[in-house]
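Letters are used for the chains, namely A, B and C, taken in the order the chains are written, and counting of residues starts over at 1 for each.
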C-alpha cells in the first residue's frame, strides 16, 4: 500500500452500531487522526445487534468487490470485554480486522488466510482501552496502522485457528436437497444456505420442485421480471446463494418465514 | 475532469437498497477498484423500494448543488433483468448514470441533455453481468470509467429519447389552481406537484385560501417559527415545490394524507 | 489547516435530517463545490427531529476523537428562520459551526471556546438564503470556507456568550446521589446525566445500591459479559456517563424508562 503514495488505502467498516449514535463516526475520527488520506466505505451498520451470522454474510457478499489492499474492519462483538480474542488477517490481498468470533468465518472458509495474528501489541491501541468499545480503542487504530503499512506481524503473535461460525450445512442427496433460511434482507428476501453453484452442480439441468416449509414456490427464474407482481420466486441472489423473493413484495412476510425455515428441493421424476 | 488531476471527481449515489445489506458498499468497492481517488457522496439509499417517483424527486432536489463534473449514479430499478434500457447522459456539466425508467425525468424536464447514450459497450461492465444487480455490474463501473475521463460516446449508441415519469400536472386556472401530493418526506411534510415559482407567477401577490383534501390550511408562511407548535402550515419547501408541514409534528399523520391527496388553491375575492 | 496542503481537512456532519431525503447529500455537494479535497464524516443524521439534547450528547461523545483542525458542522435547528443566531467557534484545535441553540453547549461546558463569532458575513453564504434550510445555505458554505483557511473572524462579529442547554444537574449528597435518564441509544441503553468520573470520586470505592425508578439494578459491572443474557446492568457508557443496559436486550423496554426517569444511588451502610 505504500508503493504508490497517491493511491489512498481503503478501509471498509461493518458493525451493528446503527446510525443513531456516533459510534461509527468516532471510529472514523480515530482512523483519520492516524491516517487522514484513507478512503472510508461503510458496508453496513444495520447488522441486527450482535447477529454475527448476518454480519458474516454481509462481509462475505462484499469483500471481494474491493481492490487489493483493502482493509475490512468489522465489529459485531457481543463478547467485548470478555476473553474473546481480537484478530487481524491477510486473505488474498485483503486484510481483516475485528473480534475472533466467527465474523470472518465465511470469508476464511472460501479462502484461507495467509497469516493471522492475535491483536496484543498495545502500542497500536488507543492509550486507554475501555471494556465496552474495542471498535474505537483497538480495531480502528489497528486498521489505521495497517493502512499506513505497519506489517501484520507487528500487531501480535501468530494465530493458527480462528473461531468458526455455527451454521447448518446444506444436504445434497440422491433425489433431494435440503437447506435453511439463514438471513432475511431489507426487501424481505430469504437468503438460504444453499450455494447456487452447488445446486447447479447437483441438479445438472434436471427439473426440480422447491418448497419453503409447506409452501411450494412455483417460479424458479433468473430475474424478477419473469414473474407477475406479487408472485413468489426463487433465484440466484446477490450473495451467491439461492434466494426466495417476491416481486414487488416481501417473501418473509408472505411466507411468515425467517432464519431457520426449512428449504427443500426435490428432483422431478424423469418422464 | 482530467484537466486538474488534483481535483477528485465526485460520484453521488442514490438507490432503494437501504442500509441493512452491503449493496451500496459493493457498488463503492467496484468504483474504487477502478478509480481510488473519487469522492463518493450518498444522496439517499432509503428511497422506498422501487419508488421511481420519489427517487426522481430526491435526485432533482439535490443534483444542482454539486459542482460541475459531478456524476450522479442512481439505481431504483424494478425492471432490472428485463429489456429496459440503461443510460448515461450529460446535462449541464453533470453526468447521469442509471436505468432508463423515468428516474432522471425531472432533471431532464428542467434541463435537456446535451447527449444521451444507451449503455451497451460491455468493455466498461464487470465481466459477468448478473440479471439482478446492474448497480454493481453496469452502473458502478460505467460511472467509474466516466470519472476517469472516458467520453460518453464510448459507452454505447446515442439515445434520442428517454422514458418519462408519469406524474400529474398542476392546473392553474382563472380563480383556482389544483395539484396533488406526490411524496412525503422524513418529517411527514407533504411535497406537492405545485412548483413554487409558478404559484407565485400565477398568484401575483393576491390573497389565496388553501386546502389539502377537505382541510383548509390557515397558515401560508415563509418559516416554521411563524406558527405555533402543532399548527399546519404551507411553505416553499427545499425541493422548490409547495409543501404542507406541521411545526414539531407530521402533516402526513395529522391530515391522513399521502401521495395522490388533492391540493387546491383559491384566489380570494378582491375586496 | 493550510500548512500541509496534502492533509485533507475533515468536516463532520450531524443533523436530524434522517436518511430518506437528500438534505445531507446537498450539504455535502455545497461543501465539495467549494473544497473538493475535504474528508466528510457523518456523525449521525438520526438525531430525533429537533432534539437538541440528543444532538448535543452525540456531538460531545464524538468530537474529541477527531484530529486537530476538524470542523464539526451540526444542524438540529427547530428555530431556523427565526432570530436565533448562527455561530462558529474555535475550541481546542477544533471548529464548531451551526445554530446557537445549545447544540454545542456540552462541548463548550467541557472546554470554553477560544473565540466565537456570529455568522453574519453573507459573502460566505450561498447567494440566496432560504428561510428553511440554513444547513445548505449558511452552515455548509461557512464550514467549507473554514476548511479552506478563512479566519474565524471573517465570518462575523465576536460572540461573547452562547445559548446553554437546559439539562438537569446530578446531585451528589452525603449518603445518596440522584440523577436522570437524559437519552436512550440505539440498543435501548439508558444514558444518565451522572458523569462516571464524578460518581467514582464521590463513591470512593464504597459499596452502593442503584435504582432506576422503583427498580433496583443488581449488577454494576465493567462489561456486559459479566452478567447473564437478559440481565440488567449498570456500567460506564461510551459517552462517559453511567449507563443502564441489558445484556442482549433493551433496558429501555424492560424498565419502561426513557428521558426523565429518575436514577438514585445509595451508599451502603458500613458494616
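As a working rule, a contact is a pair of C-beta atoms (placed from the backbone, for glycine too) under 8 Å apart; a residue touches a chain by one contact, two chains touch by 3 or more.
Keep in mind the model is a prediction, meaning the values are calculated, not measured.
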Turn needed to bring chain A onto chain B - CA fit, degrees, nearest 5: 120
Compare the two sides of the chain A and chain C interface and say whether they are made mostly of the same residue numbers, over half shared, or of different ones. different
Euclidean distance of C-alpha centroids - chain A vs chain C, Å: 31
Which residue numbers or ranges of chain B touch two or more of the other chains? 19
Per the touch rule, the chain B residues reaching chain C in their complex are 6-8, 10, 12, 14, 19, 39, 41-47, 58-59, 61-62, 65-67, 70, 185-187, 222-226, 235-238, 248
Provide the residue numbers of chain B that touch chain A in the complex, in ascending order. 17-26, 28-30, 32-33, 36-37, 40, 49-50, 78-82, 130-133, 136
